[in-house]
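Starting off with a structure, shown below.
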Amino acid sequence: MTAMRNLLLALAALGLSSARAEAQEIKVGGLFDLTGITSDVGKPYAQGAQDAVAWVNEHGGVNGKKIKLIAVDYGYKIPEAVSAYKRMVGDEKVIMINGWGTGDTLALKEFVNKDQIPYFSASFAGDLTDPSKTPYNFFCAPSYSDELRAWLSWVKEDWKGKGNAKVAFFYGDNPYGKAPMEAGRRFAKENGIDVVDEEIVPGNFQDATSQLLNMKQKGAEYAYINVTTTGVSLILKGAKALGLTTKFGSNPYGFSEQLPLVAKEAAEGVTGVVPHVPWGENVPGMKAMMDFHKAHHPNDTHDAMYVRGWTYVMVWSEALRRADKAGNLTGPGVKAAAETLRDFDTGGLTSHLTYTPTDHRPTTKTKVYMVKGGKLVFVKEYEMPRRADWLGL
Amino acid sequence: MRCGDFRQTYAADMAIFETSFARRLLLLFFAVLLVVPAFASSFWLDVLNRILIAVVAATGLNILTGFTGQISLGNAAFLAVGAYTTAVLAGRLGLPFPVVIPVAGVVTALVGMVFGVPSLRLKGLYLAVATLAAHFVIEFTITHWESMTGGVNGISVPAAQLGPLVLEGDRRLYYLALPLTAGLLLFAKNLFRTKVGKAFVAIRDQDISAEVMGVHVFRYKLLSFGVSSFYVGVAGALLGYQARIISPENFPITLAIDYLGMIIIGGMGSILGSIFGAVFITLLPELLRLAVGPLSSSFPQLTTLFASLKMGVFGLAIVLFLVFEPDGMAARWHTIKNYWKLYPFSY
Amino acid sequence: MEFLLQLVISGLVVGSIYSLVGLGFVIIYKSSSILNFAQGEFLMLGAYVCLAIFATHRVPFLAAFALTLLFSVLLGVLMERVLLRPMIGEPVISVIMLTLGLASVLRAVVQGFWGTDTRPYPEIFPTTPVRIGPLPVSQGYLYSVASVVLLLALFSVFFKYSRAGIAMRATAFSQQVALSMGISVKRIFALAWSIAAVVSAVGGVLLGGIRGGVDGAFALFGLKVIPVVILGGLDSVAGAIVGGLIMGVLENLAGGYLDPLLGGGVKEVAPFIALVAILAVKPYGLFGKVKIERV
């Protein structure tokens, strides 16, 4: 039996060569999409996060301790995410996780609650903001719901015609696509905007012609697209081919420097919400990124998704630092430390972030940008009130 | 060790275990499996459970495809039916697992038989195509029947429970899945010693001759769909209990192809083959991950390549087996066993 | 009315691509009774290869396209020679699984070489839409429909008048008779696979041009085309063309009229619901040869 045991131990050790970690290492799980349907934005995000971890480790780490990011590609599949989560928490003993999509984050919310693993998701779903339901879920941006509210506010200001502005929603047939829609419907109703049409596109769609024709039929003047960049570009190109004059807006995962590159002239005049600044923006926090970029991969091009991944690490590494200082480098310790962040400044990479034990809405400020001449140009920042009935919506 | 055997009675010829030594060996193996969880890490427990689930599902598919000759591309959808039934029965009604698992099996069997009706008219390619359609229809139903299934957001499944006994976590679930799998395998093995099983095989070999011999072809085809789907439904129930949250993404069409791959690689028309195939296909990505893992720190692009590597190796395994060993691992196993049986005097 | 017309037109365009892939299916099935589940992967591979030749080697687009077709011919011959020949006489399930395994390998190769991002496609067709009556129609659409018509005409002539075409028909009719007439059935099989790869590659390049990009989702056309060939009849070239166009339109109409009612996804599942209906009513399709057999 000892032979059996040794064999199994050897196998386990082989699989988890990282398990032989030194004491001075903090293990963090990284759940990324590098090959799935959101890999167009998932890859730059993952690179940003990994580079930021390297940068933090180069610059003193977490009070001298190094962060070890255990990165897994889960292909935007919930079952893969659950399996990777079990591996990270059960075997690797990570103390927190940097996650990705809405579907998998919602699927894992009961697990992270039970295992007490702080979970920073790249999904900004409003459902994750109420600590009485999801105490271990965090994100570092205005919620999808607040972003949609901000965009609708822009529509209201932009609309010069008679009567109410007519808006359509385009979204993917997945939890990410559907996340802010209820909030959007209610906000539109309260603010005299008519949601005339909702079009659902499948996860891996190739052609949105019938949806666009439907939208045209309903007479929408504005449309908010809630899919990733590739999908946004397909819809914009389809609209151009049909000669539509609808003004399109995009969610933060469909709108970056990549959009004008892929959609070309069809992207002109499109608005989008930008919670994390575009690459190269003139803010103090960009300097570290630029230095790292010059030192390690000067020829790569980066975008707002890369900045987002980087920003996330800046936020949670600060939480780790505070937890470590408090001598409580555990899941609950990191959660408590994150909830001490008040108006935390990432050097302008995103708005100031605040987490409290009763409210995980880090910020309610959203910047709206527009594509002009192939560049992203800042239009206006909108701040939503912290209404109690919007918590968790 | 055993060597060439000499059978004097029909009973001996029909026996599952040719010698008592084989039976004892199997019991020993079962005992080893019982103690494995004491040494396995939580990750390997997860893998073990997934293997057991795959064994049950592959055996079910083998009954239909390998033994009865009816090709089904709908087994991922049938698995979903079992899993969602479990989610509803255990989650909404709070029923204990001894009720949930058989009911999940029976519900899936009924659904399977409904989609088996086309086999009345269709065979071969056309049946494959019809079951492919069944997959998409079931998937669509699950995605859109949100009040029942939770739609694309998925639905959570409570841990398997019976009164005070709650099978939370992979370790405890393993002790439910292992005996269940063993029992189902024994049943399947016995099935093909009975009239029903022989009728299945007769239909596979020549449906017209089977009819001539008095086998009611349609009835037995439906029965085969039923039995097979029952197995797949039970596997679905276990999958639900293991994953704890299920969504349509758990049951893509590629999963149906994976299961077909299992029985092709393991060996069609062989219970042992289903086991080999299920173990092989489930372990393949994990072993690849082990092999690639240490390298990926020095070659970060491997993380991206891993998904395609997994897909490529899977496809390649199927192609190579079909070209070089069409009867699968089970046949190779027998060849090897027979070689050693008479070693060193094999001819 | 305009809405309906728009749906029909864009349906016909997607349908014409279905027709091309369906044509490949049918040609292989007709000559060798193999249902090729890797047909969608041939389409994807064709699109990627053409892009790779064009973008990395700076050759004119038409030359790149011609090279892609040549590549497809070789691919078809290779597939037949290495993989399909050992499968002659094996049960249906083995052959189906072989093409599924092959599909998996091809997808892995494409993903390994080109990743999962959508690759932008060169602008083959002018982007300004032309107006047919009141409707703006993208030029890529017209080219795509035109090339399908052209290919159909070519194949009709090929099967009717060329030696190889007649030999293929003879093989489809009876392999033994064909053999006894001195036709090399092996060569016919290789020819069938080459033609299938070529028409799929044409479909892939057209689709890349229309969509303006290529990604792994192109492979899904392989599954989508199954209802098409069943509708047209598995062994009918004309059936594949007509079936493709009908399915394209049906899918778009379902998307246009039913999706808003049922909350999306109807467009994707409609061909398969149609498939079940066809199998129940007319399993050999519109133009398929009716084989009477008691099951």
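Think of it as A, B and C in the order they're written, each chain with its own count starting at 1.
Note that a contact is a pair of C-beta atoms (placed from the backbone, for glycine too) under 8 Å apart; a residue touches a chain by one contact, two chains touch by 3 or more.
The model shown is predicted, which means the values in this text are computed figures rather than measured ones.
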| item | value |
| --- | --- |
| Leading chain pair when contacts are tallied as C-beta pairs | B-C |
| From chain C, the most remote chain by mean C-alpha position | A |
| Where chain A and chain B are represented by their mean Cα positions, the distance between them in whole Å | 38 |
| Distance between chain centroids, defined by C-alpha means - chain A, chain C (Å) | 38 |
| Chain centre separation in whole Å, for chain C relative to chain B (CA means) | 33 |
| Multi-chain contact residues (two or more partners), chain A | 34-35, 43, 173 |
| Touching two or more other chains - residue numbers and ranges from chain B | 143, 304, 307-308 |
| Shared interface positions of chain C, touching two or more other chains | 111, 116, 263, 265, 268 |
| Chain A partner contacts - residues on chain C that touch it in the complex | 3, 6-7, 10, 14, 111, 116-118, 120, 127, 129, 136, 138, 211-213, 215, 217-218, 220, 252, 255-256, 259-260, 263-265, 267-268 |
| In the complex, chain C residues that touch chain B | 35, 83, 86-87, 90-94, 96-98, 100-109, 111-112, 115-116, 223, 226-227, 230, 234, 262-263, 265-266, 268-269, 272-273, 275-276, 279-280, 283, 294-295 |
| Touching residues (chain side chain A, partner chain C) in the complex | 34-36, 39-40, 43, 173, 197, 199-202, 204-207, 209-211, 213-214, 216-217, 230, 233-234, 237, 240-243, 261-262 |
| Complex contacts: residues of chain B adjacent to chain C | 65, 69, 71, 118-126, 128-130, 132-134, 136-137, 139-140, 143-144, 207-208, 211, 217, 253, 257, 260-261, 264, 268, 304-305, 307-319, 322-323, 326 |
| List of chain B residues in touch with chain A within their complex | 32, 35-36, 39-44, 46, 143, 152-154, 156, 170, 243-245, 247, 249-250, 289-290, 293-294, 300, 303-304, 306-308 |
